[in-house]
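Shared chain: subunit A. Partners: subunit B in the first complex, subunit C in the second.
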Partner chain A sequence: MGILTAIAWRNLWRHPTRTVLTSLTMGLGVAFCIFMASWIGGFLDVMRTATVDRNLGHLQIHHKDYPETMNPYDVVPQAQSVIEGLQDKPDVKIVAPRIQAFGMYAGAKDEAASGSFVGVDPEAEKNLTEMHKRVRKGRWLKNSREAVIGHRLAKELNLDVGGELLVVVNALDGSIGNQVYPVVGIYNSGMLERDGGAMFPLQDAQELFAMGDGVHELVVLTQAEEKIETVQNSTTNAYPDLAVRTWYEISPETKQMEDLTAVTSFFFYFIIMAISGFMVVNTLLMSVYERTRELGLFASLGLPPKRVVMMILIESGLLGVLSSLLGLGFGLLGHLFLANYGITMEIKEGEGFILNGVVLDPVIFGQLNMTQAIIPLVIVMFVSVVAGLWPARRAVKLDPVVALAQE
Partner chain B sequence: MIFRMALRNLIRRPMQSFLASGAVAGCLALIIWTCNFQDGAWVLLMDDTIRASAGHVVVQADGYQDAKDSNLLVADSSAIATKIRQQNPETTVMRRLILGGMIASPENSVAVGISGVEAEAEKAVSQIPKMMVDGEWLEAGTSGQVLIGTTLAKRLQVGLGDKVVLTVSYRGELQALPFRVAGTFTIGNASMDNFFVLANLPTLQEMLPGITDPATMISVQVEGYKVPAGLKASVREAVGDGPEVLRAEEALPELFKAEELDKIGGYFMWIFIGILASIGILNVLLMSLFQRTRELGMLQAMGMRPSGLVQLLLTEGFLLGVFGALLGFIAGLAATYPMVEYGIDYGMINNQAPVSGVALNTLMKAVYSWDKMAIWTGFHVLLAVLASLWPALRAGRLEAVESMRSQ
Partner chain C sequence: MYFIVSSLIILSTPAPAAAGTVPTSDQLKALLTQVDDNGRSNSSHVVMSMRVQTKRFSRKMKMESWSKGKEHSLIRLMDPPKDRGVATLKVGDKLWNYLPNTDRTMRVPSAMMSGAWMGSHVSNDDLVREYRLSEDYTYAMAPGSASLGSERYTIRCTPKPETPVVWGHIDVTVTAKGVPEKQEFYSEKGKKVRTMTYSDVKEVSGIQVPHKMVIQPHDKPNELTEMVFHSLKLNIPIEDSRFSLQALRD
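Moving on to the complex of A and B:
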């Protein structure tokens, strides 16, 4: 084996240009796959940020009918004890309550509009989502009896920070709730629905809707992504009457995008497979043709065909190794570039693509997990060795007498 | 003479010639296939989006494009539409009234976007009639009909024939009217199935006091998705001063931006694949040069000039390129054919339009983009010639005596 490897290695470098070009092509194919994986990873991360970090959190808990009906009467029963129970779990980082409803709004100038009404615990929400960072003017909620409003609502009502917002809602006791709040901030969440509405401190919302200490939604952030399903299972067991859903159950689009991406990646892997196989066959076939006489000599000297096959397979394997290394190098360089500088996909100033009513961040930074970098390497190695079989078979089919007679 | 020599050289080494042109063919076929598919997807997406959310040319109240303020309406819309029709008899003209508001059932109330449409005209351009789950598309002349998404129906807990109340705000006043659910649809995009409400234009117009025959937009549409050059000017002439008249590119900048970004991504990938193909050709040609060193030295000794050798190898490269490109072109066409005839139904899961509020056709079909196919085919021939430049120049520098000595 040692000697064969040495011979195979030397054979490769008889034509350095050929070997370099072959492994360069295959390497670039691998690099392309790694770069694509980094790009797609970055895109998925932007999608994830837009859904998880801005709104959904890891898990959401509702009254069991709420997910289907989104009926404001379906509040989480005994919310306070559920919150306390969850906060005791070591895997849970934050639990935050929300009121999700709908209100009619009016500003000072006779303008009226309708939009989403969200009541939050300002401090808990701060730890949970990045909404407070998305306040573009003014500040995030701090005290009671104040409101932050979406930029679309602000525009519709001609309302600015310091202005007064009149809110009219259908309270849960059948009455009409109305209240005037000073506007302390204007946010741009990128969520079309949220941006056409307003957000309020939880207690004010509960008071306005005459719903006591009821809440519609509990949002949970776990310690780590891997803990989501553990927490989901234990919560479902503890509270069988509640709907406990993960963010990817609530917003399957992101998950679907991941699946779609898997198909795309497969397509790219197929391309590098085809290119690599082709290049290896090409290079080794030619090298076998060139060495007809030499291989004939080996055969007549008594080298068993098995060893000849082994030698050529080692050559192709070495080509695979070279390509993998080159590919990994170039691919990581590309990934580092993407991770540090990013690529801007701007549809509108400061806004990226819109996915299911959520505006994505326009700059995409590369994200790569090691499995994605290693899969194309493994594929190239595998294809190289398999592609070496054809030239190897040719080499052993030679009749030594005929081969030696060749010039 | 050189041409015949080049051809003979290639035929003499069928395996190598086949491998080299196979590299070109494979890459070109892949590019043609993806290119036709991408173009097909965009033709469809552009067509659906332009028709459903603006028009090839669209007439709106002055300032609507920037403000998207639903209070900005065009009055006397049917008179204007008639004028446009008279001026441009080949076009289809339809009006839409788009309002923000609230839909309420006894169970729940939800903020929605309401589109008042001309039932017959809209049926011809919208995808939603094909996405009806229950009931029928709007009937012209029947008042009080409303179509809602299935998700919204669940939230409101209403079904076919049930009563809902639409409330719209116009110039600071809230107007409410009862409607009956005439049908439900599933677009497959959660935010649209939750938000989009359709009603007959005349009924919705009645809800707005103090303006006669209002519309948000008057959409002027033609065959295909390209906007005819003189259409905007001619519509402007019919409309006169006052409202804004925009071409699709001006009305839907996000759509065109998204198309551009997607296509840049495509070019990036295709050029990369092209580079891989040309390294493949370079490899084959360089090898065939090494193998023929002796033979080329002989040609030189017989009086062939170095420039002749250069020409010979360039011609070989050119022929390989032409052959490969032809093969790739045919293979690409063959691969496109089923995509044009049958297409792929990518299902409703990913009905994600770059412009929100548009239901897209989910059956994607490829188109034959002849101009692009021609350009890529030419590009591959050029790549082959470029790839043969290095071996050719090398051949031109051969020393006759030296090369005759080599084996």
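Moving on to the complex of A and C:
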């Protein structure tokens, strides 16, 4: 075995340029896979942050008809006791109530705009979605009788922090709810709909809509991703009349995107597999042809065909290892660059892609887990060895007499 | 308000069709013009009550309204106390609300025009719409009209292609004297969407005017909006300045 490995190594370096070019090509394939995995990981993270962390939470609870009708009258029955019940569960981290509606807004002039109206518990929302970090000017909600407005609404109404926002809504008792609130902050939530509207403290919203202590939505953050379904099941059992949905049931697109990228990665793996296979076959077949005389000599000296096969497989295996190491090096370099500097994909200033009405962050930083880096390495080594079988078979099939006669 | 008032106030003109005969196209047009005109060139002042019954709430309002021509109207709520002073001004195709609570006026944004006005089954759009049955629609006797006898007709009005309304057609039932009794609105798929029924006809300034109107949406069988006129004055002089943002606040 030792001598075979030595011979195989020597054989590889008889044509250093060829070996280096082959392993570089295969290595770049590996590096590309690692780099893509890092980029896709970063993209998924950005997407998840924008949809799940900043808005949906892990679970959402509504009146059973609300998801379909979005009817403002369909409030969560006995919301307060549901909230308390949830907060008692050890798997639940935060519960945030919301009112989701529409309002008409006006600033100093009587020109009005319509947009989303969201009533929130400022403290709970701060802990759950970190909305306070999305405030670009002024501050997040703190006291009653104040409003924060989306940057799109601010622009439309030409309204700034310190200004007054007139809100007019169709209250649930049929009256016209109207109120003026001081604007304490302007936010950029990244959600187109929300950025065209405004947010208010829960009690003010309930008063304006004449809806008592009703709420439309409870957003739940669990302690960990894998607790989501446990909490969903226990909540559904406790309140069979409520619609309790996970974030991936509410936004299957986000989940589908994750699945889609898994398929894409598989596609890349397949390509490097094919490239590596053909490169190895090509390189070693050439090498076998060049060594016809030498292989004939081995055979006539009595080297068993098994050993010849072994020698060639070691050659292809070494080629695979060489390529993998080069690929890992380049790939990690690429990933490190991506993780530190990121790639900016701005559609508009400060805004990235828009996915289902959600603006993604413009800069994507690489994210890689070790499995994703190792899979292409394993694939390349495996394919190299398997591809070596073809030239090996050819080497064994040589007739020693004919081979020795060749120039 | 124009929509409400104009639908109710009918100019008293001679019967266009002789009893027992099928009206001609010209006579249909004359009848529809009466339904359309309804004091369009006149001014009016109305005190009325409006009752809204929905699955979720029941609400009674009292209001006062002024209109002049087809371009101008102003409605002000008198009751309930919570909404007292809330007013809507229509000038042309624009609509403003005045909110005394906050002492502000707000132009209703176009995205909210299809929304309910004061929680009723009348939309903001209904308040400003300006289409005339006799001009923007084609018309013919509706099937089954003959069974009504010679005292009333049902005329099917179908919007002309260039008329941007949501209806497939409207069946208007009108007496031979030109007083509307019923309007039935159908969707483009031919489904009945809502019915307006007129009743309680009284004479005002020599004109036959129904004093009660009920709007019933058919997709919500237990809901309705009912309007009753308590006092109605027609052809009175009203200053144009009444229909200004300034006057809206008073």
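We take it that the second predicted complex is superposed on the first by the 393 of 407 C-alpha atoms of A that agree within 3 Å, B and C clash if a C-alpha of one lies under 4 Å from a C-alpha of the other, contacts with A are read in each partner's own complex, and residues count from 1 in each chain.
We adopt the following convention: a residue touches a chain if its C-beta (ideal position, glycine included) is under 8 Å from a C-beta of that chain, and two chains touch if they have at least 3 such contacts.
Keep in mind the model is a prediction, meaning the values are calculated, not measured.
Visitor: Once both complexes are superposed via subunit A, do subunit B and subunit C end up clashing or fitting?
Guide: Subunit B/subunit C on subunit A - steric clash.
Visitor: Who touches more of subunit A, subunit B or subunit C?
Guide: B
Visitor: Quick one: classify A:L285 as touching subunit B (first), subunit C (second), both or neither.
Guide: Only subunit B; A:L285 stays clear of subunit C.
Visitor: Determine, under the contact definition given at the top, whether A:M104 touches first (subunit B), second (subunit C), both, or neither.
Guide: both
Visitor: Check the residue A:G27 against both partner chains and state whether it touches subunit B (first), subunit C (second), both, or neither.
Guide: In the superposition, A:G27 touches no partner, neither subunit B nor subunit C.
Visitor: Once the structures are superposed on A, label A:G327 by its partner contacts, choosing first (subunit B), second (subunit C), both or neither.
Guide: neither
Visitor: After superposition on the shared chain, which partner residues are touched by A:K155: those of subunit B (first), subunit C (second), both, or neither?
Guide: A:K155: touches subunit B, not subunit C.
Visitor: With the two structures laid over each other on chain A, which partner does A:S114 touch: subunit B (first), subunit C (second), both, or neither?
Guide: After superposition on chain A, A:S114 lies in contact with both partners, subunit B and subunit C.
Visitor: Just to be sure I read the superposition right, which of the two partners does A:N170 touch: subunit B = first, subunit C = second, or both, or neither?
Guide: both
Visitor: Under the stated touch criterion, which partner chain does A:G277 make contact with: subunit B (first), subunit C (second), both, or neither?
Guide: After superposition on chain A, A:G277 lies in contact with neither partner.
Visitor: With both complexes superposed on chain A, which partner does A:G196 reach: first (subunit B), second (subunit C), both or neither?
Guide: First partner only, subunit B.
Visitor: Taking the stated contact definition, name every residue in subunit A that is touched by subunit B in one complex and by subunit C in the other, in rising order.
Guide: Correct list for subunit A: 104, 106, 110-114, 170.
Visitor: Under the touch definition given earlier, write down the residues of subunit A that touch subunit C in their complex.
Guide: 73, 104, 106, 110-114, 166, 168, 170-176, 178-180
Visitor: For the complex, give me every residue of subunit A touching subunit B.
Guide: Those residues of subunit A that touch subunit B are 15, 17-18, 21-22, 24-25, 28-29, 32, 68-72, 102, 104, 106, 109-116, 155-156, 170, 192-193, 196-197, 251-253, 256-257, 260, 271, 274-275, 278-279, 281-283, 285-286, 289-290, 345-348, 353-357.
Visitor: Can you check the complex and tell me which residues of subunit B touch subunit A?
Guide: 15-16, 19, 22-23, 26, 30, 67, 69-71, 100-102, 107-111, 154-155, 157, 167, 169, 171-174, 189-191, 195, 253-254, 257-258, 261, 272-273, 275-276, 279-280, 282-284, 286-287, 290-291, 349-350, 352-356
Visitor: Show me the residue ranges of subunit C that touch subunit A in the complex, using the header's touch definition.
Guide: These residues of subunit C touch subunit A: 52, 54, 56-57, 59, 80, 82-83, 86, 96-97, 99, 101-102, 104-109, 111-112, 115-116, 118-120, 245.
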